[in-house]
Amino acid sequence: MTIMTSPETITPRRSFLRDNPSVLWFMGLLGLFTLIVTLLSEGMGMGVISTNLVKILGMTLCLCLIAIAMDVVWGYCGILSLGHFAFFGLGGYAIGMWLMYARTEIVIRDSLGRGAIPPTEREVSEGVASQIFGVVGSSELPLIWSFAGSLPAQLALVVLVPGVLALVFGWLAFRSRVTGVYLSILTQAMTLALSLYLFQNDTGLRGNNGLSGLQNIPGALEVPQAVISVWFFWASALALGLGYLLFAWVVSGKFGSVIRAIRDNEARVRFLGYNVEGYKLFVFTLTAVVAGIAGALYYPQAGIINPAEIAPIASIYLAVWVAIGGRGRLYGAVIGAAFVSLLSSWLTGGGAPNVDLGLFRIVWTDWWLVLLGLGFVAVTLFFPKGIGGLFDYLVRKQP
Amino acid sequence: MKACLMLRRLCAFALIWQLILSPVMAQDESDTPLQDVLQTVQSEVANPSRGTVPAVLQALMAADAPGTVDFLRTWSDREVYERPADGLFFYATAEGSSLTLIDIDTGAEVATVTSRDVSQIRPNAGVRREIGASLVAFELTHPDADRRMAALASAARSPDPDQLPAIRAARAEEEDSAIAARMDRLIALLVARYDQDSTTRVEAIGALRGDVSTPARSVLNQLLATRADFAETLPEDVNIARIKTPGEDISLSAAYAVLVGADLAPAAPGRNAIRDALRANVVDGQVGGVPVHQLDNDADRIAAYQALEDAGIVPPLVTEADVADAVSQYVFFDAYLEPDAAVTTAAEAARSSTSLRVSGYQFLSLSLDALSLASIFFLAAIGLAITFGVMRVINMAHGEFIMMGAYTGYVVQTIIPNYTASLAVALPLAFAVTFLAGVVMERLVIRHLYTRPLETLLATFGISIALQQLAKNIFGTQARPVTAPDWLAGAIQINDLVSVAAVRVGIFVMAALFLLLLLYILNRTRLGLEVRAVTQNPGMAASMGINPDRINMLTFGLGSGIAGVAGVAIGLVAQVTSEMGANYIVQSFMTVVVGGVGSVFGTLAGAALIGSLQKGIEWFNPANTLAAQTFMVLFIILFIQFRPKGIVALKGRAAGD
Amino acid sequence: MMKKTLLSAAAITALMTAAPAMADCPIKVGVLHSLSGSMAISETTLRDVMQMLVAEQNAKGGVLGCELEAVVVDPASDWPLFAELTRQLLTVDEVDVIFGAWTSVSRKALLPVLEELNGLFFYPVQYEGQESSRNVFYTGAAPNQQAIPAVDYFIDELGVESFALLGTDYVYPRTTNAILESYLLSKGIAAEDIFVNYTPFGHADWSTIVSDVVGLGAGGKQVGVISTINGDANVGFYTELAAQGVSADDIPVVAFSVGEEELSGLDTSRLVGHLAAWNYFMSADTPENEAFITAWHEFIGSTDRVTNDPMEAHYIGFNMWVNAVEAAGTTDVDAVREAMWGQEFPNLTGGMAVMNTNHHLSKPVLIGEIRADGQFDIISQTPEVAGEAWSPFLEESASWTSDWQELECGMYDTATDTCVQLTSNY
């Protein structure tokens, strides 16, 4: 089953793969990893890896996907966006609406169907609304839930909402030549506005509570989570593989040269006659869409999405991952996201033993963020190439 | 129920009043000991409630035992104890957890017990208000001016026509002009509301024109209180406020609901009622001839219902025509509770002449709030305006410097208990601490990244994350207050509508001082000259003998130091938490960017714009403050689209780009 | 049909997960409270209380002859992590019961996992109601055990006729205020005398809102504030109240989220007389409470630490669970659940708490006035009130009820006599 991500089946251009051996390496490793996890999983294999861990690994793959998107927009194109986690969240919300609505609709139809007369469509939708919004003191289905019952529509929204938002925002920003740190701050403001907006109950997305119970997949309610977790792991691996391929292809050709040139000297590229704004807008929007897809795969595994996920700090962490992993190389972003997020959940999850120094006890849950922050400063100052930079040494040693 | 309560209180009050007015009676106190009187209303005294206390007061006043007034005061102050064993009441003095009980009548010490042997009687605020009102007559003539003032406030809180003679009598004796003036006002309000004579009332109401004080407006509003009613023809004997045309002033369905409530029209079966009726009448898989499986839409359901209706099984549907027809047979109106039309006319006139002034003052109040918010934004952003605006260094840890300042204020306060002294120490100390932190950060990190602004952004993010967590580790996650000294604790009250907390005025003054100081430093001192020189052309400045390293360090320190002071100021009005910096950082950048990078006046303009904008949006949508913040950020994003250089755009070489 | 399959599915999972526990020693007690992040300040205390209760029980000889072992994990105030760790506790650590959570959103996050794996959970915090999970026992107050008695007190004792409902914008204030609005209307309070405002978490700028509330006084009616303001924002709110000179005599404020712990950082001398409604106050003068406070101070090693309502909830919940396990003779979830119904345990404030079949407690409601020392004067204590899972004052839940014993359903529609669903709405 997992062979679907193996590189042989997807071969767009031979020369491209020959030029980018790292893509083959990555695909191979990802396929192998997927296979191992599947074989060891609780749902499909030997049960060495708990369902919980499968979920964590699947979510980590999604984080790797958004990290490579971030790497393309920042490491390659030079736009330090502090808004990509917002696109990630929007993707999650779009799919979450369907998951919640459809699951509740099954329950309601079942319950009303047991009555003496069949329910009207309006009664069903009111029943769903009072189930979903009863917990936030309302029973009306907001307008934005109009398509929540339809999976294709919500899947389209996973792509459309982040895409259109990025397009409009990017168009406004790039058009007025907002660049550099100004753009970063502007994207951060956008993220802040969005998370504040979603925090309101009036928004119709259940405010601070967000959408929950997303791990229950309508139509597969009887399937144990152990199996569902593997399904989502596969989907995440596939998405990461395809995303990696897509971005490797995007940054490898002439297009890649242009966006790197924009990063290095925007004015000069403009003088050469390139439509700089168009290129930037394309990269910004494309990465936003990929971020949305990553989010749509992430949150059904997490089980809950709420506005705190979108807070500006999340997007900053995203930048931290990419910087630590190594900017300007896709596998660097993957390493950074996987390494930092897994380390972080290990240390803050209480899994790591605390270090007793006699006078002082290092409690990792307390000190991890301090270390991360300072480590990040150190990386910025001393190792701008991040962990990925280590590979340069390896490669250089082999003639 | 309420009227009866009121009446009982009136009785009690009248009795007290009698007590004072007739010295003969007062001397002729009854001989029954107070304890015995109390035992007649034992459970009401032991478990006082607003509903039962008037009866107790009445009983106590009627019995008129010696020491009644003192007992009432002590009772109200929660210093009376009940011994459950025998139900007797005692005063007590406490020592640790043991209490020495004192006999209410003799004042003798009775016994020493633990707090669990007796129960302390705790009259709630409502009961205490009743007791306070019954004591007004005594307190109004009390030698202590504060007590008289408190009694007046108490009388104003529960206005009562029977208080008039007591207040008038006290007014005649009053020598303190401030208290006398308040008494006059209270008398006027009571007359306007309760006097028997219509012309006197109209006159008193006329005097309330333009009076924006809360009691005056509340008297007018109470005089103009209405009730909704309806009748077949407009009644002659009620004081009509307005007639409501169905369909315009009152919706047809609401009007119909009123009729249904009065049993004058049949209730219209709603969707649920129809559903339930159908559900109850399923016969052989059919309802009214319609197969059950078809009943999944409203049209078929109504058809089936009509079939049932024709069979006489269910109450009829009510059509829109039925509703309109039923409603048209009645006239709907609001009637004043006050029967005297002359009084209500005068009150309407007074209220409408006040309302314009009220909105004026409300606008002023909102503007002051906006000003206060703007000065907080300004203080938070001004440090950033220096580091970002002048040096072009992005310091994402600026918010954490604000937090450091605020925590400095908190720590100083825990060491120096005197709030004034601690504030006086905290302000310079916060400046020193964050100045140092800024200098260290500049030396260690930022210096290496002057040519790479995006990297500066990242590195300072890292520092911000680390500092935030560090603060959590040290101070915990609980919000800490920086308490203002007493002289800053109150409010500056212009009238009942406009008042500003003194702290906010203090912050405004501080913001203004910093503005002046900064302008002075940048434009009138050697340092300022050098800063501007280094900013515009570091190479040239260095060749003129200026040490750019030193200047950058000092400038950064200055900007950070101001953030620290801002932190103390913000701590005075809001909570100090490890995350407070993050709440201000985006807003501060917005303030600087909107105002125009590199200009102190720009920051001022930015803060003013954002502050008033936020208050403006809040005013439009007072129910949701979160929406205001969202819209504000959206506005700023759009604003930057159209004026990317901000309000005060630098021109020429200083602009830099 | 669906009910049947669900039940059998639940039974199978119950057999799978809970069966081995019958024989296993030690008996494991999961503790799922945030020890870091924004909720740590409130929840760390509850972790400590649980450790104290487990230690006390072990000193008494444990349960069923087994030692109790507390398995403490840290969900770090991160809501998805609550779901993740619940799964870990139930499947990896195989605990027999979990005590945990504080915020509603964290409870909603872990509910699906809990119901999927048929765990047993005790939730100790006052909440918005509208829920009755098969697997959760709610030892905190439902709205009818806190909000409604407080409003009654406002109306009957303080004569309040004009209400300002101020809350932080999240599920607890939203639902509570929706219930209260409907309740106030039913009490004859006009809609225009109810002012509702929501502010963000950690809101700091209270001047306009406090002025608005003061401005309500012009209507000539006694104004009262019902505050569901959460956490940090209270500091700014009470500071502004004090600064604008709003005394409890003029405009009383009753808070549902402010207790001893929250006041411990504040200068309360300017807040004297404002109110809070809870099921427990530290100042309750009973022998049980004194013993509890002494034990707590000994355990934590400081006499400065306060006790509060959720701590009492854990105290009652834990002891009821111990008694239920003893009664059932096993830690099997379904057996313990059934033994929980009707469990009685003395409150720390006097009287007897009873666990009802809707998984909510009957508890007395206390109203306290803030004293200058940061404690509360208890000025009103009702007899035990049974917690309502579904509020009769909300239209959509008016006909719903919960009874796991007779109806075997937590969301039962009495209008149609059907069980809407066996799981919860998250």
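As written, the chains take the letters A, B and C, and residue 1 is the first residue of each chain.
Simple rule for what comes next: a contact is a pair of C-beta atoms (placed from the backbone, for glycine too) under 8 Å apart; a residue touches a chain by one contact, two chains touch by 3 or more.
Since the model is a prediction, treat every value here as computed from it, not as a measurement.
With chains as nodes and touching pairs as edges, the resulting graph is complete, every pair of chains being joined.
Ranked by distance of CA centroids from chain B, the top chain is A. Note on chain placement: the centre of chain B and the centre of chain C lie 26 Å apart, centres being C-alpha means. Here the CA centre of chain A is 42 Å from the CA centre of chain B. Centroid to centroid, with C-alpha atoms defining each point, chain A and chain C lie 35 Å apart.
The set of chain B residues touching two or more other chains comprises 279, 472, 624, 626, 629. Shown for chain A are the residues that touch two or more other chains, namely 115, 196, 199-200, 366. Multi-chain contact residues, meaning those touching two or more other chains, occur in chain C at positions 36, 169, 198, 200, 416.
Residues 49-51, 78, 115-116, 122-127, 129, 153, 157, 214, 217-222, 225, 276, 279, 362, 365-366, 369, 372-373, 376, 472, 476-481, 483-484, 489-491, 493, 496-497, 499-504, 570, 573-575, 577, 579-580, 583, 615, 618-619, 622-626, 629 of chain B are the ones that touch chain C when the two sit in their complex. Of all residues in chain B, those touching chain A in their complex are 271, 275, 278-279, 282, 287, 292-293, 295-298, 301, 394, 445, 448-449, 453-455, 457-459, 461-470, 472-473, 582, 586, 589-590, 593, 624, 626-627, 629-630, 633-634, 636-638, 640-642, 644.
The residues of chain A lying in touch with chain C in their complex are 50-52, 55-56, 104, 107-108, 110-111, 114-115, 130-132, 134-139, 196, 199-201, 206-210, 212-213, 215-216, 222, 225, 302-304, 306, 308, 348-350, 365-366.
Those residues of chain C that touch chain B in the complex are listed here as 36-41, 153, 156-159, 169, 196-200, 202-205, 207-209, 211-212, 214-215, 217-221, 231-236, 239-240, 242-245, 248-250, 252, 264-267, 270, 273, 285, 287, 369, 377-380, 415-416. Of all residues in chain A, those touching chain B in their complex are 80, 115-123, 169, 172-173, 175-178, 180-182, 184-186, 188-190, 192-193, 196-197, 199-200, 202, 312-313, 316, 319-320, 323, 366-377, 380-381, 384.
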